[in-house]
Amino acid sequence: MAEGLSVTSPAAGGAPRKGRRTARARGLGVVFWLSAGWVTLVIALAATAGLLPLADPAAVGVGDPGLGPSAAHLLGTDELGRDLFSRVVHGARISLVAGFVSITLGLVVGGTLGLIAGFRRGATDTVVTTLANSLLAFPALVLALAVVTFLGQSPQNVTLTIGLVSVAPIAMVVRGATIGCAGREYVVAARMLGAKNRRIILREIIPNVAPVALSLSLVWVATAIVAEGSLAYLGLSVQPPTPSWGAMIAEGRNTLAESPGTALWPSLFMFLTVLGLNFAGDRLRDRLDVKGDAT
Amino acid sequence: MFILTRALQLAVVLFVVSALTFLLLNLLPGDPVHAILGLRATEEAVARLTAELSLDQPVHIRYLEWLGSALRGDLGSSYINHVPTAQAISEHLPVTLQLVAVSQVMALAIAVPLGVYSAHRPNGWVDRLASGFTFATLSVPPFMLGVLLVFVFAVTFNVFPATGYTSFAEDPALALRSLFLPALTLALGSLAVYVRALRADMIATLRQDHVTTARAKGVPAGTILWRHALRSSSLSLVTVVALHVGALTGGAILVEQIFALPGIGQLTVNSIFQHDYLVLQSCVLVIAVSYVLVTFLADLIYPLLDPRTRHG
Amino acid sequence: AKPAVRATGTPRRGGRLVFATQGEAGGLDPAATLFDRSGHVYARAVFDRLAALDAQGRVRPYAARSITPNREATRWTIELRPGMTFHDGEPFDAAAVKTNFDAQRDHDFLGLLLGPIEATRVTGEHTLVVEMKEPWSAFDSYLTGYPGAQLGYVASPKTIGKGGDPRHPVGSGPFVFKEWQADDHLTLTRNERYWRRGLPYLDQVTFRPIPDPLARENALRAGDIDALHSQDAQTIAAFRGEQGFTLADDLSTTFGQKDITLVALNVSRAPLNDLRVRQALACATDATKYSKVIDKGLAPVMDGLFQRGSPYHAGSPYPAYDVERAKRLVAEYERERGPLPPIKVTIQTTPRDITAFSLIQGMWRQAGIESAPVQVSKDNFGEVLLGGGYEAVIGAFFGAGDPDQNALYFSSGSAAPNGEPALNFTRNRDKAIDAALAEGRQATGAAERQAAYRALNERLNTALPFVWLDATPYSLVTRPDVGGLLEPALPDGGRELGLLRGVVNVTTAWRAR
Amino acid sequence: MTDQAPLLKVVGLKTYFDTPRGIVRAVDGVSFELAGDRTLAILGESGSGKTVLARSIMGLLPRKGVIRQGSVLYKGEDLAVMGERELRRRRGADIAMVFQDPMTSLNPVHRIGRQVGETIRLHRRVSRAEARSRSVTLLRSVGIPDVERRARQYPHQLSGGMRQRVMIAMALACDPGLVLADEPTTALDVTVQDQILTLLAAQRARRSMGLLLVTHDLGVAAGRTDEIAVMYAGRIVEQAPTERLFAAAKMPYTEALMESIPKLSDPPHTRLAAIPGRPPDLVNPGPGCAFAPRCRYSAARCAREAPPLRTIPGTRHRYACWHPVGGES
Amino acid sequence: MTAGTAHLRAPGEALLRVEHLVVTFPAGRGRTVHAVSDVSFDVLPGETLGIVGESGCGKSSMGRAAVLMPPPASGSVVFEGRDLTGLRGEELRRTRRRIQMIFQDPISSLNPRRRVGDIVTEPMAIWNEGGPRERAARAREVFEAVGLDYDAVAGRRPHEFSGGQCQRISIARALVLDPKLLICDEPVSALDVSVQAQILNLLEDAKARFGLSLVFIAHDLGVVKNVSDRVAVMYLGRLCEVAPAEELYRAPAHPYTRALLDAVPVPDPAARPAGSDPALAGEFPSPLAPPSGCRFRTRCPLATGRCATEEPQLREVRPGRHVACHHA
């Protein structure tokens, strides 16, 4: 029976067909790990902000105004004498929550919609794409302004807004990936074996679409952080004196001359974090070889 | 046929967008009547104006009324300063359009050679440098980038104006100069995406058999890059450019604010704050129309670039 | 500081000026739009004012030849200069002025300010008589063209009110309307037939609204504009001592009234309807620190409605900064009425307001008073303020050429319940204040007026609808080759007040190159 | 061309790829000669290095990560040491190539007439119009009907067979001395394959060119070639004139290959003599014969020592095996 | 007009009986591709039906329509006596599990994100059969049948295997549900010649061991002959000839079959003189606008006027041999 090809040891039959695996593990590169490290650090700082021995970020006059970095105030103080390190760390909370939570939201809503549209096609698809296109055509800032002014300025609402804005692009990406995947022969094979739609989506489609969405999601998070910054810059994010990076930059921009740190530190944190996310996301996307897997 | 179905789709999108705006504005707090009347908001004045603006009607009736007159080309006038909406838009829209156009020309002028060369020598030093540079620019939010550019090029070196707008019709050279920094701010944001898209497509194309065929024919490398590979590699680029341009019409708001440009974004923001809903409604519509038109244009460009996508 | 912009040498004819203002004006019909600071800058380039303030703060005729009250100040006679015409050729005569006056009196809001006017009568081609219901000694200050006093601007009667295009002003002023692109620029060109011989010097003046102070400063540094005005101490701090620009400010001006940055308290809303809470807030607020931190120590700290040095300023009963006392007051309040809820402070979404709020919040917290911000946009600010939809609000108010111009903000008559628009936005009703305001308006003697306004100040500082912070310093920054912007000559000799509340006159401006 | 210098002489050609997995020895010491006017088939399974060999001869491999040794003498000139510029002048003019997949080998965005004309204009100083008329003639000569219209069409508007004809026209455009055809019919149906092979053979004969026909199909090689070289794991393991190879294959691999193919002459359900195992990995070849693990005659020596390519005296038959089929002769 | 059902055996005998199958696809702009036009065939238990034809002639469409993936435009598919085309939803799902399919591309028919063990036990999970132990045991059995060691391969993912091994895995997956009929859509076209023989032998073995019937689609005539009992030749959505394998190859009756056989390159240098004319001229016509009458007439050496007007029916020319040609 089947002469001689029975595989007896992993080594004999298991030499990888292509060297993708090993290349993947090795090839992420130093910059990726630097980026990931930075983002992780910022996340850790933000998560433990309450536990760290930091000054109250809103407390005025914990130090003299406009101090430079020192042991007492790692990044110095702003023109109100608030501790900049504490503010930047607490600001990270808002920015990161706005970034990650909103994209999670977008992924759940947009992902589901895209998945259903891409899988069912037909009328469902038409409705979803039309809605998504309408959302895309709708100026995001007007949407954001409307939601924020309607529901009030709170971290939750800002997050919700950015999540809402991210729904359409995410839905379109997921839809595309789903269509690409639903046409593959392993989906036909699963159906031949009698799998029902739910099972096919769960077992065959999601495992192939999720990496696409997830590898893009870091880039989306970066975009969402910038979006929060933009809203904050327009004074539409969280209420003062709660710090957020964008709000700090907007506030500190006018006092660049006397206390440059007020705007520069949050700018630097934001830049590095967004850069890190973009870079790590891009790397990951390259490495996950999204194209090869989903289309 | 194709154009017809697309046009129909676009009409539906516009319908949904305008209806959505109406609904959204209806939900917004604040009341145009009080905003307009201010101190004069006596009870009967409120009632009179409410009726005048048909704010006492249910939303869908108002929407249909608005739609009816909009379709007849009547977009109404501002509640606040009574300037006809069409005039307000025709004053502000060209600014944004010129800004976006210049920014995209800039972005493409940098992105195309950079993308092509990066793909020609992937992981070469140009590629690495380009990717580092474009990622950095991608990661500076526009409000930081704008402030930075102003500080360097306008305040410190006085090379370009920090604010203001001159129309091309008036003085092309000055117009270019005054649009330079804001356009650059927008362009640098798009740059990374464009370079990545083109580079990826280009690398894929350069791996294709027909490129080998060309090499086997003895076609020089430069000709292969620019004549054989670029055109069929620009589909993704066209797509992302369309998406960016479409989004920029409404997305240049921050840049318009930083550079004090009287664009459609400013008009939109002002009309939101002033509850000038008729103007806002039209702004949203104009932004949506330009988005939709640009994506439509992209659809028309694909077949020009790639005959395989030609219909019929 | 001495005004630094001075014409060196003789003015030169020709050239253009680009002047950046703080924001766009809604329109330029004096009878339809309430001008803000930018509006006034625009307006005095296109229109003539009947009167002006001189460098000592006295009212002097400008387009009018004379403005004279009767002894009781119940009838004012305005004599016009013969031969003046508007840009559209209409004669600038008593009938035209009457049309303007009547149109403003018909205006819902402007009409309120002009309440005491009984009637206007044309008694000669160039003579207009204004009859008052009651003595109105400061009426002439309403003709000088400052915020709250725009009656002095005279537009061509053809263009005023309903029939005209508010964005195509036609006046008799030094410059003629050319074009106006909203939110971008208003361009005016020289009126070749201006009645003031030899003026204006400039061929063209362009106003550009740049709301963001930093953008405005950058524009000047980048050379986009030639001059700007600002109400941000930051601007003074930034340009003070800087080579290559000339800076002027109004820090040393003591007459009239300054714009005062303050926290206004809505006395008709709990818990601020309790005097102890207002006292506590006043005690908890360190205005000196505020001035130092927010206004770089440049702005004079205020302890009342008038600045030190003003004739109306007096040692007042305003509570001194005293955290302990504030705490006691809060405790007292809480014993009686339960925990003090956080005070909602309405601010505008500008970085400056946000910083100011953060600082005040920090101060109040030290006295055990919590507060929370409510952000509104610039455009909604007025609506919220006048409608009483706030508890406390941070803002700058009351700058005027004459204290009488602010009467409506304090009088009981202009208060209204929350939800209805009221100029007396703190809704503080006080008979004594009404009396003081009437006295100030009617008194013709300086001493009587002084007493009246000192009484007003005293009452305000007792009832405490306002927590005073500091005066708002206005500044004017130009390129060095811009001359004639400050203390321009008046038509009949003497010098005009160059910079009050950011309003400047470009009639005599000139470029050295 | 003199008889002493063969049209193409490949000596010890090695082409390795430096990959993250290690060095891939795609072509590992290949030598052969091809006289003008003759057809040599390179026969081998997928991954045996046929394509790499053909491209390596043309110098068409990427610059980066490729290690190349040996010489490629075309009419006595070594292509392997030529600069890119010089090589470019020969490609398309002296040596032309036809690729496997006519779907992807033509530029999808250029009209086919232009693609043929481009080759002409690259190597011949002719006007645009001249190039156009020449390309029309060429296209007609490869059997494209309604040429004038077809020349203005894009590749996707043509059938696979038509496209391959265009490829051939392009290859013939400058009357090359040598054509390398890399599996020119693998993507085509049998009936079309038949047409294309016939066309290639006819053109080769008419223009008396050398033809290197790369294929994995024994049948294709059998009918149209003068000589066959069998490749396995980057090496030529047997080479002989076509008749001789079929009559007396020496290499067990060649034999096994012939046996594993279902023949039309066998009755249904004939059990096939499958070759066990799978083609070897080219990254870490062992020291011995690459076919040893699958070889039915394999002995201890085969795994230890690689057999050299030996020529049977007096013939053009070469093979590399310690235990040749039918014994050593 | 029908293309004939003369070649079908008695309905009771057949495991699968497909009649008058029509498959169409929308081709945009309101046009339709007639991929399969009125084709009938049947498969007896234990029989292998080979289907050959040129690319695009509708082989895959026919194979897929036979399992209603997607359902055909018209026609009936009777499997084990039940007409599948009448079934919907759950019932169809249950009946269809006895027919399984093997695809051309061994790699893309396996989900790259799942482990091979899961892929093969998935069918049992779908049908909720047995516990983990039974599933593993069954998987071990089918893996053994396709010549793979369950323990060595179960934990790995498809990309770690060669094409031949992937094809074995998909055969194993198809066998798990104990099917009666296996539809093989070009299962060896993507494989190397040396591996192809392994898979062909494996299919024969599996057929014997599990009592399968096979529909074997291929374009390689040699391969089809090797596995088939009966062969159907397709051209542009129609059947031209149906005959026992041996006879078809020995004496092709339809001119297309003959041309096809002539065009096959034979690994024998003596078989055909080099330089002879190609067996068949012309190109495969567009399925968007098939020729009238006999679809092969545009390339047929025997074509006459009648061929253009009258569509030939499959008719029995000799016992067991059915040809759709006026001139056969």
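Order of writing sets the chain letters: A, B, C, D and E. Residues in each chain are counted from 1.
Assume contacts are C-beta pairs under 8 Å (C-beta built on N, C-alpha and C of every residue); 3 or more make two chains touch, one makes a residue touch a chain.
Which chain is which protein? Per UniProt: A, B = ABC transporter permease; D = ABC transporter ATP-binding protein; E = Peptide ABC transporter ATP-binding protein.
A quick note: this is a predicted structure, and the numbers were derived from the prediction, not measured.
**Student:** Would you identify the chain whose C-alpha centroid lies closest to the centroid of all protein C-alpha atoms displayed?
**Tutor:** Looking at where each chain's C-alpha mean falls, the closest to the middle is B.
**Student:** Among all chains, whose Cα centre is located farthest from the one for chain E?
**Tutor:** Greatest centre separation from chain E goes to chain C.
**Student:** With contacts defined as at the top, give the pair, A-B or A-C, that has more of them.
**Tutor:** Between A-B and A-C, the larger count of C-beta pairs in contact belongs to A-B.
**Student:** Return the distance between the CA-based centres of chain C and chain D, expressed in whole Å.
**Tutor:** Each chain reduced to its C-alpha mean, chain C and chain D end up 90 Å apart.
**Student:** Using the average of all C-alpha atoms in each chain as its centre, how far is it in Å between chain A and chain E?
**Tutor:** It comes to 48 Å between the two C-alpha centres.
**Student:** For chain A and chain D, what's the span in angstrom between their mean Cα positions?
**Tutor:** Each chain's C-alpha centroid was found; their separation is 50 Å.
**Student:** Two-or-more-chain contact residues of chain D, please, as numbers and ranges.
**Tutor:** 274, 276, 278
**Student:** Residues of chain A that touch two or more other chains: which are they?
**Tutor:** 3-5, 16, 234, 250, 253
**Student:** Taking each residue of chain C in turn, which ones touch at least two of the other chains?
**Tutor:** 214
**Student:** Would you tell me which residues of chain D are touching chain E in their complex?
**Tutor:** 45-47, 159-162, 189-195, 197-198, 201-202, 205, 216-224, 242-243, 246, 256-258, 260-264, 266-276, 278-279, 294
**Student:** Where on chain A does chain E make contact in their complex?
**Tutor:** Touching chain E: residues 1-10, 13-14, 16-18, 20, 184-186, 188-196, 199, 203-204, 207-208, 211, 293 of chain A.
**Student:** Using the touch definition up top, name the residues of chain B that touch chain D in the complex.
**Tutor:** Residue positions touching the partner: 208-210, 212-221, 228, 231-232, 305-308.
**Student:** What residues of chain E sit close enough to touch chain A in their complex?
**Tutor:** These residues of chain E touch chain A: 64, 67, 69, 93-94, 96-97, 99-101, 103, 105, 108-114, 122-123, 126-127, 144-149, 152-153, 156, 159-162, 164-165, 168, 170, 173, 177, 198, 201-202, 205.
**Student:** Provide the residue numbers of chain B that touch chain C in the complex, in ascending order.
**Tutor:** By the definition above, chain B touches chain C via 30, 34-35, 38-41, 80-83, 88, 91-92, 95, 147, 150-151, 154-155, 158, 160-165, 178, 257-262, 266-267, 270, 273-275.
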